[in-house]
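Shared between the two complexes below is subunit A, which pairs with subunit B and subunit C, respectively.
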Partner chain A sequence: MIRKLHSHIGSLQATLWTLIVAPTTWAVHFLFSYLWAAVYCAKTGQFAEEPLVYWVGTGLALLVIAISGYIAVIQSRVPGDPAPHEHSTESDRLRFIAYSTMLLAGLSFIGVIFTAAPVLILEDCR
Partner chain B sequence: MSLHDQDDLALRHAQEERLRAAWEPPRGLFLRWTDTNNNRVGVWYTLTAFGFMLFAGVLALIMRTQLAVPDNDLVSPATFNQLFTLHGSAMMFLFAVPMFEAVSIILLPQLLGARDLPFPRLSAFGYWSFLLGGVFVLGSIFFNVAPDGGWFMYPPFTTRTDLSGLGADIWMLGLSFIEVSSVAAAVELIVGILKFRPPGMRLNLMPLYAWYILVVAVMILFAFPPLIAGDLLFEMERLLGWPFFDASKGGDPLLWQHLFWIFGHPEVYIIFLPSIALFAMLVPTFSQRHLLGYPYIVLAAVGTAFLSFGLWVHHMFATGLPKISLAFFSAASQAVVIPTGVQIFALIATIAAGRVIFSTPMLYATGSLAIFVIGGLTGVMVAIVPFDWQAHDTYFVVAHLHYVLIGGTLLPLIAGLYYYWPLITGKKLSDKLGRTAFWIMFAGANLTFFPMHFSGLLGMPRRVVTYSAELGIGWLNMLSTAGSYVFAAGMLVVVVDLCLSPRRAKAARNPWNAGTLEWLALPEDENWGIRSVPLIETRYPIWDQPDFMRKVDEGRFFLPDAEEGRRETISTTVLDARPLAVVRLGGPSWLPMMTAFALGGVFIFTTYHLYWAALASGFLTLAVTLRWLWTTAEIPEKPLKPIGHGLELPLYISGPQAPGWWAMFITMIADATAFSGLVFGYYFFWTIHPEFPPPWADGPGLGWPMIALAITLAGWVATIMARTMNKRDAALPTRLLLGAAGLLSVLAIPAGLAGPWLSGLDPTAHSYPAIVWTLAIWTVAHSGVGAIAQFYALARSLAGRMTAQYDADIRNVTLYHHFMVFTAIVTWCTLGLFPEVA
Partner chain C sequence: MGSRNTLSHLAKPIVSGAGLALLSGCNRHQSALAPFGEDAAAIEHLTIVMVVGAVVIAIALALLMRWAVKSPEGSLTLISGERLIVILGAILPAVLLLGLLVYSLPQMRPHPVEAADLKIDVTGEQFWWRVRYAPPGGEPVISANAIRIPVGRTVLFRLTASDVVHSFWIPGLAGKMDMIPGRVNELPVKATKPGVYRGQCTEFCGLSHAWMAFEVVAMEPAAFDRWLAAERRPAKPIDGRGRALFASYGCGGCHAIGGTDQSGTVGPDLTHIAARRSIGAGALPVTQDALVRFIRASSEVKPGSRMPAFPQMSEGDARDIARYLGELR
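Moving on to the complex of A and B:
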């Protein structure tokens, strides 16, 4: 079952668009955080009491990033040509994009946590 | 043709003759300026940007002379305001950004083994716009009307026409014009990188310089348009009195700050990443090995690009925004350190792993990194909110920003200058002069800017024309002034070195023994770019592919000939660089220059309130642009063309495969970004007002916006149907549908304006009617352009230039209308529906 999933993932396309899924998620989450806080503070003068929506959104963002990273990890291990994987072949290109996607997913994961952390600590709008 | 055909010397000579003829530059006193070849235009562009930099430097020297001693009165306060504003603006808008685009226009085709960029005439247009706009903005200082509001032009001081004169208009309109040309160049570079790579150069083999330029150009696409939107609002306030930033009429100066810094912070990275890109080319060369950590560098470039957009508010820490907002931005400011660190680490690791040749370019590279790191450290200090409240608007910030900018752009560019000069002129610069200049500038920069940290902490505010002796900072300022002259002396040595170059002998080909494609260039310049378009198998083909140079030179790769005497290059697929088509490029022409001057007229006449002349200039621009467009997407005389090795490629492609389609797509993304800046304005006003729309405003109503939306949707559907009919080769229905679609787009204009007009919204009364009118006008203007596009496609069909097989025009027009519909939905729903729910 897992093996089948992996081979399916290995055959997915990796493009410039899939490369930026994780950072785009970070960007959307960031914008959402900013607007959410700004609109709340401006319109009600205070923070949401129970920022449940916020945490659900953050969890969702982290999930998307994790999936993007997971797919990338598998794709970056697709067996193919010999090392150093710097040739003009299909599998080297796939491995390269996958590897970069994985790194970006890691960075975006940290980014989302960095963004969300202040919400834990701060409680009002001042 | 097979490989062995190229053994025939006579054939090779004949090919070379034909290539030379096709790429023959126009000659003569006037005609030479119609050239569009990237090696010519790129050099003009670079020299112009360099000249503007020197000019801005002279302004800095005047400022430093004024500040040398306390209570000095060399220049008046008014002049001083103009000096720092113009210096800062010129350095950012006329030097840092255009310089990277200029250099890329020269280098990219070489790096990608292409004969030129996709749209040579667009490059030329960008150059002439840049020259005209730059001279216009800088020239203002000689008439004592230069902008004087600081390089970020904060309202309300700058929007009040009683407080600030023509200078503010010159800044807004002159620089908007240059921003438009920057976006045009970005489109060109993106399409070049994605579509014009040589066969075999898959994404994983792309030179890192190209990765960086791709990332930076995309950043420009998202960073500049909000500023252009801001400029637009700004000028509406100044010229027409629409109160976007006027707090007494429901506006808010903070809106400008948001729009400015959404541009302004990414700008810092837009000018810094190309420097790293240069390093990523010269470090491997001088370490004589592959760069380590290729994917990590790509991560760093892409990651920085994203994160840098999450930093804008850190320039607004002192404005009293909610602490939670500040915290988000402070977090992103700290996160961006990660990718920045990764890139520098990869460079250092490569140097450590190779045998370093410590050449002059390397000296500049390492020296600038040292300076940049100091600036980065003080940057982390000011990114900490409480510290920023202390240091904000003091000379501490001036010190910080100059360390970053000199270490991050000026010195790296000189590294690039010493490295790439042989590529462009075939001659090396002097190592002796180069090193001398380096040490003079290095000492000068530190002597100028290090003391400023202390004068800042001792309480010297930035942008002051003078200071009193009691502050005890006289000696620090004297040091800074002395340092600035030392720095200027170093720059002079560089200029002298350049001026001596024509007298020097040619260097060998590939003098640094580099491994990347651009070094195929011959010392005695040929205008064709590359003799034959190579098949790429590795990241450093000159090093790793056997006999590579010889095979290129002997035309043993693709497209070694120009049988029809046309300028051509190969277009490939985005991911894997599979050959797609032979693309014919535009040759020398007056059209780009004329378009630039006509468009410049619109901006310049508006500055002087000569609205009729501006309108006439606008119509002229439209006419020349249409004339220019008419020459594109030409139907070839035969469908296929052999390019060697038994390959035959089409001479015409359309839709998502074609460079023109991509250019439209990318331009429309920039357009949509500018639009979202305006929409942001609407909702921003909603957040700052307890009631928005204000209760007294009963417009634009629901009816007219919905009618406008319906008409636009109908026009969109008609356009799509026309495309389908055209594909089925049904000329008559295609034409009828296009005509109908055009009429619908025209109708959308009065329908859109009727809402605010009939409900009597007065845009000068309050920010609400002002932003409603702005969104409505923006959208109907797009309908107007949409109508022109539809009638254009109709005309092309009637003229037989658009058929079922050759359908680029209608596909691009349809693409435009996809974006059009998006704009219409957002605008008309916001204007019509939002007041109902708010």
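Moving on to the complex of A and C:
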């Protein structure tokens, strides 16, 4: 089952579009954070005791980023042309884009956590 | 020759200016490095942690660079080199930054304010401070150009401005907060050490911006309560020439003196002017000479002052008014 998934993922196309999935999710989560806090504070006048919607949104963002990173890890290990993988061949290009995607996913994952930390710790509308 | 002269001319003010800047940095009266409030203490603590941390990281980085440059090629295998980059370049910074974030965020939590806490409304005006104490369950007390707060109690400053943007900063007490016309910004503080301190406007607001300061007196709670009760009562104005002149020159169109029929609200309330530690928002000491000078031509002391000059006023009239004001404790 897992192996089948792996080989399926390995055959997926890594493109510049898949590359920006993680940073885009980070950006959307950033916007979501501001909107959520602004709307919540404006509507209720005080900070949420249990910001459920926020945690669901944050969990969703982390999940999307994690999946993007997971796919990228598998793709970056697809055996292909001999090392060094720096030629303009199909498999080297895939590996390169996949590797970049993986790094971006790591950065975005941390970014989302850093964005969410104030909600966890500050709990204040001011 | 000429250029040398100008240089030595310049050197003196530059050197003494730098010395002054350094000295004022050590001033316990108005310094973020001499906190007398919880928030300023937290800021100072955070600053120290950040500076020490930055120095440690800088030194570690320099040592690492030195090692990288000096060590012969091949001292690290390709794999361990890559691992080093991942650990020092990605994991360590992420963990450090997360730690710093989690450590510093709680310090941004404002003091919880309760309905029973003292509120002080301060309005920034060119170039002075309108002050209104709103104690819980009591009538407000109007004052100006000086602020007293009780030690150990939460006080909520409600800050606004009447003309342009000003900024309210008592470096030893808390961070600064802008005063914006049409908006009330809240700044909860808690003083910890009694003493006399100083605050300053920190947003350029016109010609006398630098002359827009105020004394801050942090007092033991019991003493503060006694002071506030006294501040609420009007001073006992003495009858005489000064009092009549104050009325006939029209000072009361702008200034109020409690206990008299002078009740203007354009300028600072003068009910207890002689009990303040300065006149003109920190510009001059409270002496007869200073009062005379300020009354006749306040814009000579504070350029752009909103108080008109009285060039036709004789020295004798000014002295009488000053004597009258000097009794308002």
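As a convention for this text, the second predicted complex is superposed on the first by the 126 of 126 C-alpha atoms of A that agree within 3 Å, B and C clash if a C-alpha of one lies under 4 Å from a C-alpha of the other, contacts with A are read in each partner's own complex, and residues count from 1 in each chain.
The rule is simple: contacts are C-beta pairs under 8 Å (C-beta built on N, C-alpha and C of every residue); 3 or more make two chains touch, one makes a residue touch a chain.
Fair warning: this is a prediction, and the values are worked out from it, not measured in the lab.
In the superposition on chain A, A:122 contacts both subunit B and subunit C.
When the shared chain is aligned, subunit B comes close enough to touch A:37, but subunit C does not.
Of the two partner chains placed by the overlay, subunit B and subunit C both lie in contact with A:110. By the touch criterion defined above, A:73 reaches neither subunit B nor subunit C. In the superposed model, A:9 makes contact with neither subunit B nor subunit C.
Overlap of the subunit B and subunit C interfaces on subunit A: residues 110, 114, 117-118, 121-122, 126. Those residues of subunit B that touch subunit A in the complex are listed here as 200-205, 290, 294-296, 298-299, 302-303, 306-307, 309-310, 322-325, 327-328, 331-332, 334-335, 338-339, 536-539, 574-576, 687-688. Contact residues on subunit A toward subunit B in their complex (touch as defined above): 15-16, 19-20, 23-24, 26-27, 30, 33-34, 37-39, 41-43, 47, 86-88, 90, 92-93, 95-97, 99-100, 103-104, 107-108, 110-111, 114-115, 117-119, 121-122, 125-126.
Subunit A meets subunit C in the complex at residues 106, 110, 113-114, 117-118, 121-124, 126. Taken together, the subunit C residues at the contact with subunit A in this complex read 90, 94, 97-98, 101-102, 105-106, 108-110, 186.
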